[in-house]
Every structure is written in C-alpha cells, then in structure tokens.
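Okay, so chain A shows up in both of these, paired with chain B first and chain C after.
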Partner chain A sequence: MKIAQEAVDRIKEGNGNKINFIWIEANGCAGDIISFLNADEPDALYFLKEMVNLKYSPSLMQAEGERAYEEFLETLNTDFILGVEGSLTNVENGFYDIFAYYKGKTISVAEAVAKAAEKAKHIIAIGTCASFAGISAARPNPTGCTSLSGFLGREVINVPGCPANPLWVMGTVASLVLYNKVEVDDKGRPLMFFKDTNHVNCERRSYFDNKINAQKLGDKECMFKLGCRGPVTKAYCPIGRWNSRINWPVGDNTPCIGCANEYFPDGSEPFVRY
Partner chain B sequence: MTIKITLDPITRISGPLSIEVEIEKNKIVNAKSSGVQYRGFEKMLTGRSPLDAVYFTERICGICSVAHGVSASLALEDALKVKPDANGIKVRNFAHAADFLQNIIRQICLYVFPDYVKISALPGSIGGDFRLPEKYTEKINEDYIKAIEYSRLAHEMVALIGGKVPHSHGIFVGGTTVSLDPFKIIRLKSILQSINDFIANNMVEDINIIAEYYTEYYKIGGGTGNLLTYGLFDEMGEGELHYVNPSVYIKGKAYKLNAKAITEGTAYSWYSGNKISRVPSMEPTETDIKKEGAYTFIKAARYEGKVMQVGPLARMILSGSYKNRISTMDRLMARVLEGKKLSEKMLKLLEIIEPIPAVQERYTIPESSVGMGLKDSVRGALGHWLAIEKGVIKNYDIVTPSVWNLSPVDERGQHGAMEEALIGTEIKDVSHPIEIGRIIRSFDPCLSCATHVITDCREPYYIDLI
Partner chain C sequence: MDKKLRHKQMLEDINYCNKMINLSYCMYAKQYWINLFNKKMEEALKELEAPETKEENKEETKQETAREPEKQFTLEELAQYDGSMGKAAYIAIEGIVYDVSWNSCWGGGTHFGLLAGKELTAEFKKGHMKGIEVLKELPVVGVLK
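Coming up: the complex of A and B.
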C-alpha cells in the first residue's frame, strides 16, 4: 500500500521513470555546464525534461543559500547520478573551494563531493579537470588539485575534454539511463567516444600521409609539425565535432592541443610551435 | 539588534560566491563579498611559452573564455610587435561580440529570470515574491526555454570562427585563424538575424515586463556612480560600428582611461601583505588564508584610489546610449539593450568582413618584452599584462571585471562596488532576503575569473592608453 502510494506520488511529481542528477562545480571554470548547455539533438531541455531530474546545479537552480544546500542534502537520500566538473582541492581543509555555508558551518566542495559519492548510483567526472586534474593542477599546482577518482580513491566514469563535449556527456548519461551501464576503457573513458585518436579520423590525414605540412596556423595542411596532439589524443572530435557538430579546432586551421588527455596541459606544451 | 546572514552558495552566477550581510532594523548596514575559490592562474603561467597564453587563459572562465583569448592576443601583439590583419581584427571582434550575446542571453534568461518569475523547468524555489500575472509568467517561461536555443546559436557563431567554444582556438595573435568563405558568412548572418530578433522582440519586452512589476528595483542596489571601461569596438572607426572608447566617469565628469592609474590592494584579501600594487606588478607571492580580517580571494582593484563600477551599464552610460542612472534594474535593462545594440552592430560588421583566407605568420618570440591587452568583456574591463624574459613568460597579471565589481573593502575603508550597492538596502522579510540575490545577480558575478595571486610592486612600467 505504501509502495503504491509512493508510486502515485512519484507519477504526480512527474518523476516516474527519471533518476535524479546532481551536478557539482568543483575547482574549475564552470565551463562544462556551459558547454553542456550547447548540446543539441537532444538538447539540454530534453535532458531536463526526459532524461533526468536535475536536482542540484549551482549554475541553473532557482534556490540559493541554505535552501540550495538543503536540496542537495535531500537528494542524497534518493537514487541519483553524481556529475562533477572541476578538480578537487582538499589542502587546508578544502579552503580553496567552498560549497556552502549551512547552519553556521562552512562546507568545502571536497566535503560535499565525498558525501555525495558515498551514495551516488553512478559517478561521472565531467571534463579534464575532474577526470585527470587538468589545468587546475597545472604546474606548480597552486591548490593541490587532484582528479575526482584520485580524490575518492575509487574508479569513476571519466568524460575528459576541456571542456567536455556535450555530445560525450549526453551519450554517457544516456547509456546510464537507458542501460544502467557504460562501457569504459582502462582510464574509465566511455569507449563509444574514446576508442580512437583524433588522428585516426582526421580530415587532414591524407596531408599527413603525404607529408604535406602546414607552416603556420591558418594553413589548410597537416598541423602535426605545429604541435598537433591528434595522434596521441583519444577523443571523438573529428566525428562528433563541436557546437552542434559544426566545427573543431583542426577545421579551424589550428592544432589539437590534446585537451582530453591525462597529461593536459603540462604534457601538451607548447600548444603551438613553429 | 544586528542580524548576520550568510548566503552561500549564491546560485545562478559563474563560480562560487559567498555573501555576508549585517542587518539592523531591516536595513543592510554592512556587506562582505567573498570569493571562495582560488586557482592561481598567474602562478601557473610563469615559465610557459608566451603564445600558449591565449588558449591557457581562456580556461580561466567557462562562460567568457573568448574575452580572455582576446585580451591575451592583444597583450601578445603588443609584446611581439605584431600588427594584426585588418580583416582579422574584424573577425575577432565579431566572435568577441558573439560571445557577449551568449553571455547576455544566458545571464538574463537563465540566471536572472528565476529571481522574478517562477520557472517551471527548474527545481526548487526562492520563495514567493513572484508578482507577474499568469500570461506574463507563461511568456517568460517560454522565453526561458527559447534562451537555451538562442544562447547555443550564439556559441555556434563563435565556433564557426573559433573551432569550438568554450575555449576557442580561432581567436589568436594576428586576428584569427579561420578562413572565411561566402557560405560561412551567410551562415553567420542567418544565425545572427534570428538572435537579433529574439533579443529585440522577446528579451526587451521581457525585461520591461519585469521592470514594470518590480519598479522599486530602480531605487535599490545602485552603488558607486564612478564608471570604467577599457572600450569595445573602439578600433572600428568613428562610424556606426563604433561603440565605446576606453574611458572613465568620476564624480560627474568623463575622462580618457589612464591605464597607469589602476591599482590592486589586498588589505582584506587572503594574500600575504597588504600593499597597494600598481598594475601590472612583477613578482608573484603567496596566499595567506590565516590573515587577520581577510575574507576573500578577490583583490581590491581601484582607479586613482577610487571604487569603480564596470559592465554593460557602465559602457552604455559612457557611450551615451543610456541615461545616467544606476540601480539593480538599470543594470539588467542596460544588459539587454546592449545585447540588442551589439547584435545590430554585428550585422553591419558582417557586411564589411571579407570572405578571405586567414592571415597568419610564424611569430617570433623576443628574448624579452612586455605587453598589455585591455578590452571590455561582457562583465566589464578585462586586462592582461605579460612580461617575457628568456623567451618565456616571466610574469602574467590579470585584472578581471569581477575584481572591480566584487572587490572587498580596501585599505582606505572603501567598500567594493557590489558591497556598496548592498549596503542601505531595505530587506522586507529577513527570513527570505530575496533582495540580496537580485542585487548580486544584476552585477553578473564571475568568480571563475577571480583567480589571482598577489604580486609585489617592483619597477612597474607605465603605458598610457589614450
């Protein structure tokens, strides 16, 4: 009887088949949520209406202050997917990145993430900072940033990219929502997007094969000699492209800078060399 | 009796901000704006290849990345003595303005609308002060949904020029890397026309509806009348493309900007020492999170020692496009009207952009040099200063709009612009202090950009921007 009543309540709320979603913005630029808003077919609206109940997102939610934090706490007692963008800083008790102030107590992002991770059904690191610590941990790593999996000491799903391409995030969440799992490689990256390097599918591959090289940015030939990281970067850029699939850095006559790589940015530099 | 309220998180802004106010007899008597995130970008940039500054600094900010690309490119062109290609400048300005439109649509519709209208697509509620009749509530809910589409389209324009966005590649030293052709031009034009329609027909009406039902916000949250801009479309000649020159407005008079009058102080910031540094300062030092009295990672930017307000309202007033009136609602109104103005200018700009291949060079990095790049981003004045030594970045100094608007108290006891705007505000219901969030969001805070390390003042160099 109680279960039936709960089911009725859930249908009334329109939440019947959808899992809750918490999107935390850790130490980073809040660019992964902006990138996600650029999603198309399906777009962010479809994501909100049909795929999940977005219960917590600092960029989008109506509530603020203590009420916002309470919504976060309430969601922890439900079935939810945890998405985290940005890397984790936990030095000085997390002082470099604060999540909320609640009943006289300051809660760090690190503390909130740890709390949510304990209960989440699935955990997704969204973007290179969350996946591999990224540019927030660039030399000399002023705030001691680590990846989400490094911070939690457990495996998570990693969707790197600076920012994460909305197509890759949407596809990953879709796999979880539709099939309750996603196939990943040894670095936790969904295989559907991180199987091949950008070089494998690059539209300028014939220039590379014929050793015809660009001399500078703006040229139409192969960018390898200018520092292109396509050959060592597994991602989906040449196929799925960016921003409603209309372009990507190589299409813009610039090299791939390997922003989805584990060692980005320090291992990618210089981004441009002549 | 004094009541202290801390609001954290302030949602629907970019990055983490905490606000503490003291209230006596329903009036805010003190306010502290506290940037509660620190990343240390300037420290990271030391020792890197100068050209990498463009793509590196874009990653400071997820919502205004193009602006950092523009300021970094300008600073590098200054340091490398590169004269950017004339068509390239136009293309870069077009992309810069396209990112303004993305920002303005998202900020007004996705971040500000929920302050005044119950948005059914969103979870949670901030309380019951929703005054609009049902038909307007429905209209604004529809436009909230449309804003998701039009802001995405604005970013499509940036991506056509920049390869991708956030964190574009095509805004670069020398102008741009994109090779334009007639198809790309007409594609940009068709997208821009639809955005222009949305802003001019939908958003202008929406903000007027909100203003009509929340008239007291024309009297709330003003703050300093001193205004500052680094200019926008100021290199586009004096004709119809021109927008606003680098300028300031102090105590009723307008002046040309003097870049050497900019300082940063740290009296109440979590950085060691409490010196006033001229900008740029030359040597990074350290954070000090145990510092007595400090309450933020944001420094106190000042101009001739004065608190300045930056952003769309400052630009609109300084360009003579908006009456000189400063309040919460005026900031929102000016932002929407600026979006309309810019999208109209972009349509004209597109007519003179040539569909030609990118003009790029193999740039040579000097053994040592300095450069400055000042340009307004959507939130206001954004400055990049770099020094090159032994062919790598020796020092990089960034002063963002949020460092102007959200700054803390300075060594003279002057509150930052947003703090000042909060102080004196009547709070109707102390248990639901909705006025605070509304005032804060009118400044469009970007905490992602508050990423500084303090630098000691040593042999500053001066550049006059006239």
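Coming up: the complex of A and C.
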C-alpha cells in the first residue's frame, strides 16, 4: 500500500507539468518585476516553485548573455505564458530597447516580443505601460511607444498599474494556470480586480457623498477637490491594498493618481490641485 | 412611473404586514407587525395627502432650465470658478456653463491637464468627438455672456 501510494505521489509530481513562463522587460522601468517580488501569500517563491517554471526573466534568471537568449529560444518551442512589462516601440528598428546581442546580431525587444507572442499560450501585459502605453508614451512620446495589444494588433490580458500590484499579477497567472482562462472586461482587464473603481470602496466615501472636502493634503476628509482620481480608476486598491495588504494611497493620506487608468499619466495630471 | 412603482410597493408592504399579523403566533412578533403596519399606513396616508404635483414640479424644473432665470457669466467671472482652493468648478461649452465640481472625471477641477473656469469648446470637440452625450448629465448653472 505504501509503495502504491508513493507511486501515485510520484506520478502526481511527475504529472504536475508546470507551464513555462517568460517575463520580458520592454520599454519601461522594470518596476513591475520588482513589485512582483513583493508578492505576499502567495509570495514569489511559491510562484517559482509551485505555479510556473520561470524560464526567462532578465531580472531573475541566472544565465546571462548569449546563454540567456538561447534559453529564451528553447522555451519558445514549449507551452508557455508570456508576460510583458513596459511598452513597445519599433522606432529606429527598436533601437531604444535591446533584448540581446547574439552571434553578432542585435535583437530588439520588439522583435523578441513579436516572436514570443506568436507561440505563447497566453499573453499578459503587466503594468500600465504594457497595457495602455503609460508613462513611456507620455506626451510628446518621442520614442513612439504603444501598448502591447496595439503593437501586436491583437487582444491580450491587461493588468495595469504603475507598477502592477503583485496581487493582481499573481491572481491572473493563477487563474490561467488553474482554469486556462480569466474573465476580462472590454479593455482586457481581469474582472476579479478591475470591476469597481477605487471610489466604490474608498474609506472616505461618506465624506464625498456629503461633499465634505479636505482643504489641504493631510486632512482626513475627501480629497476629490484636491485632485483624487479614485472615481475614474478601476482597480483593487482599497480592498487588496499594497505591500502585503497594509495600505493604499488614500488610506495613507495622499490622493489616488489613477495609475491603472487607460490614460495615465497624461489623463491624470495634475495629480494634486490646490 | 416612479410614483406608481412607489405606491405599488407601499400597497404590497401593507398587505404583507397584514398577512404577518394574522400568521404570527408569538405575541411579540404580532405586536411588531402591528406597529410596522401602522407605520406603513401613516406613510401611505402622508403620501396621499401630499399634493402630488409638488414632487412632479420639482423634477420638471430640474429638467427645464428655461423656467429659472439664467445666470450670465462673463469670462472673468467664470475664471473665478476654477475649482482651486475648494471653490466650485464651472466650464463653458458652446455658450452654456456647466458645473463639474462633483463630476467624477473632474477631480480637483482638472481633466486631462485642462483647468476649470474656462471656455473649453474647442478642447471638448477634440476630446469628445462622439459628441454631446456626456454633456446631458452635467448640471447647468447659466450661460456665457
């Protein structure tokens, strides 16, 4: 019986074919992978051990140089989920973001992403820059950056946020791993995190409803007249919060700047108005 | 329509209370339903007594701005209402002045880098190419002189 059970366990382990994951950092600040390392319950270690096989990540992988690019190429022939942070541009042959130098050739991120996107099982745009072009495409957008879905010409799963909250990314990947799909809204954002605006669950909502304003930053009342973008930003901040669910901007006495908005940052400026 | 629905609901509530009075065995529960019944009846009577036209009139005046004397703004006066320091935020589009102080998109009296207290017809046409659907929800406070 023991042996049979062991065998079953082994088989289970063997059959636990974790899907591969490629995380590409495009034209951005690489803030999303750093934010992701802050994940808590489950944390990044759980992600790496139990959820997926992270095959390629410029920040986290051990290999470097040409070997790293080869690992990327090898993973392309398997089942994998593609996660891209940062926006995409092909201006000047993608000179603004180099993916690899391989055997004398310069490979731009645009090229690598296009290659990977053809073969990926699922594609996630992580962060506002990848989802909606974000800060990389702020006026006047000298590098000609666009969102991932705009660049590829197809719909992808958008997980915006500047950076994307690790909870949102983790939840989306978990849904893909478990159910092979995730419910999205009309802009490709997972409904489980982007259904309500921050305004709906804000702890200062009764101040807003009774039109009681904060006169300056630091007051405890509603900061709408100081420039809070909560009412127009769909995200999960008041509920899931940040940094291991400790707090979020409004809870920490500063207005929401709408970083998960489609038009961030041009559409959110000025962040504070006196 | 609103009124009809309300009256229907009230009638249903009263009938329900009546039913529960008869169905309750516990005397405390019975008393509860009797009290609730009385309260609902009072509300219904008040509703019937109050002249219906009052509420309907209120709604009508909100929709028909022509009834109220229109406040006229010069550009300088409009500039006062720019939403700064807790003031109201007004914008003028095609001669009509709208109050955007509590509109979700106008946090802090700003919208995509534009400030309130100005004449914004050109920007509006550029940003909202689909047209005036958005404007229908905004409260009107006057006209531009």
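Quick note on the criterion: the second predicted complex is superposed on the first by the 258 of 274 C-alpha atoms of A that agree within 3 Å, B and C clash if a C-alpha of one lies under 4 Å from a C-alpha of the other, contacts with A are read in each partner's own complex, and residues count from 1 in each chain.
Operating definition for what follows: a contact is a pair of C-beta atoms (placed from the backbone, for glycine too) under 8 Å apart; a residue touches a chain by one contact, two chains touch by 3 or more.
Keep in mind that what you see is a predicted model, and the values were worked out from it rather than measured.
**Q** Could you let me know whether more residues of chain A are touched by chain B or by chain C?
**A** The partner with more contacted residues on chain A is B.
**Q** A:215 contacts which: chain B (first), chain C (second), both, neither?
**A** Touch status of A:215: both partners.
**Q** Between chain B (first) and chain C (second), which does A:252 come into contact with in this model arrangement: first, second, both, or neither?
**A** first
**Q** Going by the contact rule set out at the top, does A:263 touch chain B (first), chain C (second), both, or neither?
**A** Second partner only.
**Q** By the touch definition at the top of the document, which applies to A:272: first (chain B), second (chain C), both, or neither?
**A** A:272 sits against chain B and chain C alike.
**Q** Residues on chain A in contact with chain B in one complex and with chain C in the other?
**A** 215, 269-270, 272-274
**Q** Could you list, by residue number, the parts of chain A that touch chain C in their complex?
**A** 197, 199, 211, 213, 215, 224-232, 255, 263, 266-267, 269-270, 272-274
**Q** Looking at the complex, which residues from chain A come into contact with chain B?
**A** On the chain A side, the touching residues are 25, 27-35, 37-40, 43-45, 48-49, 53-56, 58-65, 67-69, 71, 92, 95-101, 106, 109, 135-136, 138-140, 142-143, 162-163, 215-220, 242-244, 246-254, 257, 259, 265, 269-274.
**Q** Can you list the chain B residues touching chain A in their complex?
**A** Touch list, chain B to chain A: 6-16, 18, 36-40, 43-44, 47-49, 51-52, 55-56, 59-63, 65, 106, 110-111, 114, 119, 121-126, 145, 148-149, 151-152, 155-156, 158-170, 172, 177-179, 287, 289, 297, 357-363, 437, 448, 453.
**Q** Can you check the complex and tell me which residues of chain C touch chain A?
**A** Touch residues, chain C against chain A: 83-86, 101-102, 104-105, 107-110, 112-113.
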